[in-house]
Structure formats: C-alpha cells, structure tokens
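Chain nomenclature is as follows: A, B, C and D, assigned in order of appearance, with residue numbering initiated at 1 for each chain independently.
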Amino acid sequence: MTVRQLLEAHPRPTIGDLDALVRCIEACGECAASCTGCADADLGESDVRDMVRCVRLCLDCADICDSTRRIVARQTEPDLGVIRAALEACVAACRACQTECRHHAEHHEHCRICAEVCGRCEQACKDLLAALG
Amino acid sequence: MTVRQLLEAHPRPTIGDLDALVRCIEACGECAASCTGCADADLGESDVRDMVRCVRLCLDCADICDSTRRIVARQTEPDLGVIRAALEACVAACRACQTECRHHAEHHEHCRICAEVCGRCEQACKDLLAALG
Amino acid sequence: MTVRQLLEAHPRPTIGDLDALVRCIEACGECAASCTGCADADLGESDVRDMVRCVRLCLDCADICDSTRRIVARQTEPDLGVIRAALEACVAACRACQTECRHHAEHHEHCRICAEVCGRCEQACKDLLAALG
Amino acid sequence: MTVRQLLEAHPRPTIGDLDALVRCIEACGECAASCTGCADADLGESDVRDMVRCVRLCLDCADICDSTRRIVARQTEPDLGVIRAALEACVAACRACQTECRHHAEHHEHCRICAEVCGRCEQACKDLLAALG
C-alpha cells in the first residue's frame, strides 16, 4: 500500500508503531469518505427531516477525520500533545457518528455501512493512542 | 460582522454564549490563515533548515483550526462531547505552534505575528469551552 | 489586518497585486464560514426538504473556498496554472451557491446574507485572476 | 470497497459512470495522503532547501485533492459546472506536483512514489471528466 511505502521511505523514524500508524491513516481516510457520502445520501432520502442529526454528525466526523489523517501522517518534528488531542477528538467524533448512524441502520444501508466504518476508525485511533504510550 | 449576522439568523438557538462563539469562529479563521501563511513564509526563508519544526506545527495548527471552525459554527443537533474535544485539540495545537513561533519572533516578523494570533485563538477556544460549561 | 501584515513580512515578493490578494484571501475565509453556517441553518429549518440543494452547494462552496484560500495565500514557488485553476473552481462554486441562496433570500435571512458573501467572493477571485494576468 | 458500497446504497442515481466515480474518489484520497506524506518527508530531508518547491506543490495538491474528493462524492443535487471546475483544478495540481516530484525521484523514494500516485489521480480525474460528458 502507498501509505506504508511512503512512511518506509521517510527520512526520519516513524513515531510509535508503523502498523498502528498505517491503519490509523487508512481508517481516517476511509471514514472521511464514508461520512461525506453518508451525509450526502441522507440529504437525498425522502425522510431527510429525520436524518438531520445524522447529516450534522457525519459532517463533523468527516472534518475531524481529514485533519487527524494529515496530522498523524506527519513524522517530522512531531508534538505528541497535539497528536494525542487530535486522536482523542477523532475518537469522540467517530463514536458520536457511529451511535447516530446505528439508529438508522435498519432502513438506510448507507448508515449501516457508515456506522461500521466509524467503529473501525475509532478503534484505529485508540490503538494508535495506545502505541504512542 | 457576517458570522454574527448568520448566527443571529439561525433557526435554532446558538449553543452557549453568542459573543464567545463568534470570537472563537473568527479566531479559528484568522489562525488558520496565519498558520498557512507562516508555514509558507518559513519555506521562503534562507534559514529554512531551522524552520522545519515551525512549518510542521503551523500545518497542524491550520488543519485543526479549519476543522474546529466548521464544527463550532454548526448549531443544529450538536454533540457537546465532539465540540469540546475539537476545542481541546485546537487549544493544544495553538499552544504548541505559539511556543515554536515565539522562538523565531525576533528574526522573523511573520513568526511574531503568528504567535500572537495563535495566542488569541487559544484563548478564544478556552473561553468557548468555559461558556459551554 | 493580520493577513496583510503576514504577506508584507513574507521573504519573497507577493504574486501579483497585494490588495487583490488580501481581498481574495479574506473573501474566501468569509465565504467558507458563511457557507458552513448557511448549510447548517438550512438543516435546522422546518422546510429542510426544500433546502437540500442549498445545503449541498454550500458544502461544495465551503470546501473549495477553504482550499483556494490556502493555495492563494502561499507565495513561495507558486505554479500559476494551479492557482488559476483553483480560482476558477472557486468562481464556479460561488456563482452556483449564490444563485441557489438567492432563491431562498426572501424567506431565509441566512440565505440572503450567504448570497451576498458568495457574490463578494466570486468578484474577489475574478479580480485576483485579472491581477495575475 | 466501502466507497462503492456507499454509492450503491445512495437513494439517487450516481452521476455519470460508477466505476469512473469510485476510481476518482479513491485516487483523490490516495493522492491527498501521499502528498501530505511527501511534503512532510521533504521537510525531514537534509537537502530541504532544494525541496521547497516540492513541499509547496504537495501542499497545494493535498488541499485540492481533499476538496475534490468531497465534491465528486456528493450525488444529491449536483452542479456539473462546479464538479467539472473542481476536477480541472485537481488535474492541474496533480500534473504540477507530479512534474516536480519526478525531478527528485532518483534520490528520494517518497518523491518517486508520490509522482506515480499524482499521475494516477490526474488520469482518474480526466476519466471522470470524460464520463460526465
């Protein structure tokens, strides 16, 4: 995978565990795309009035996943306090979005998929937090 | 100001204190622009090798300020846990970036300016956190 | 203003016209904030089903304004083809969003404000395009 | 893949060709991650003074790829003029970044990888432009 190859070609040692880092970057990218798509699919549903909370939490989650993906991907001169705080914000956003998407999983397949993706991203962020020590 | 007018025209009441919210949105926007500009000015300096940490922390801070600005600006169906975690990440990023920029403030005017802007943004995020209770 | 001070402190000369550049950076920042706020206010309206196109075009416009603001703010080693293409995308997004917001300006004050802000941003991008030659 | 599943679960028909759309969304996500990583790796190199143009074009490309990825992923109430302009900006950014990264491909493996990824993203954007008609 490209992300792993790039990190292996980086001139400075990777922070923490390479496997945990690659999983986190990929999970944040997948979750940002999924939340952008789920918010948009919500807007296209005939019951959009019932999906307003889902749209909003998906937008928040996409924004935080995109910024967290960039921050953890950077290996040069890291500030661990910033990285930890970004990962914790991402955990909070993924959890809130997953909870809301699960409420709609039975009648909207995109919400079922998005809840799963949020769950994987939350776990990947927690694993990287643990690996950072 | 446009941000205040928009929030006053919002169909649902603003979360917490309107003044604190407007200041936070504006401070995050100013800080994102300042950090983008400072990182770029660092790249143009002849001593760029000494500015690498400053570039990196400015990039992190710009990313977090942009996502935080979007998240706190949303008033519909908020999740206070997500908003607080985003604000806390923004405080951490502003503080780290400000500390680094201050080290270069005497020889790079853009770092002096950026350190001040980061300080204002850190305070605005803390004030909004306090107002959210 | 901070953006102007930062650009004046930049070690390399500003691309094109400083006034046009400052206005464009500030207009993109204002428009990104306004579109984020208008999309969110739309979601809070009781007629949200009629506002779906407005939400969508506001989200597109906020995304393009944020990336354009960052790209035009960078003065080091610019590629004018990239800058022009970003500005042209921003013009297209602002125009589409403005047209849609205007349709709702009479019954939603946030749309009236947002249409005005989009119009100013479209003009600021066109002026910078003209100044780049 | 998640992106394809989400688009297949969308309540409104996909714009243009589903295969071209999925490839474009995935290529933009890969390119944003690669450019973020390459810019950061450049900052960690001992010859960072020679990599300044590469850092800058990677940052531009990451910003445009992230916004383009979001815009093309949205299927509800699209404005084709906005989508085309975003894709054209992405083509310009990928081409400029690829050209610069290729200059460094022999001595920096991350630039060799990033140039390839930019080339794939440029092609995926062109293919989606063609599919949109």
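In the analysis below, a residue touches a chain if its C-beta (ideal position, glycine included) is under 8 Å from a C-beta of that chain, and two chains touch if they have at least 3 such contacts.
It should be emphasised that the depicted structure is a prediction, and the values quoted were computed from it without experimental measurement.
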Pair joined by the larger number of C-beta contacts - A-C, B-C: B-C
Chain of greatest Cα-centre distance to chain D: B
CA centroid of chain B to CA centroid of chain C, Å: 19
CA centroid of chain A to CA centroid of chain C, Å: 27
Per-residue overlap in chain A, given as positions that touch at least 2 other chains: 40, 43-44, 52, 56, 59, 66, 70, 74, 76-77
Complex contact set, residues of chain D against chain B: 40, 43-44, 48-49, 52, 55-56, 59
Chain A residues touching chain D - in the complex, by the definition given at the top: 2-3, 5-7, 9-12, 25, 29-30, 32-34, 36-38, 40-41, 43-46, 62, 66, 69-70, 73-77, 108-110, 113-114, 117
Complex interface listing, chain A residues touching chain B: 52-53, 56-57, 59-60, 63-64, 66-67, 70-71, 74, 76-79, 81-82, 84-86, 88-89, 91-93, 95-96
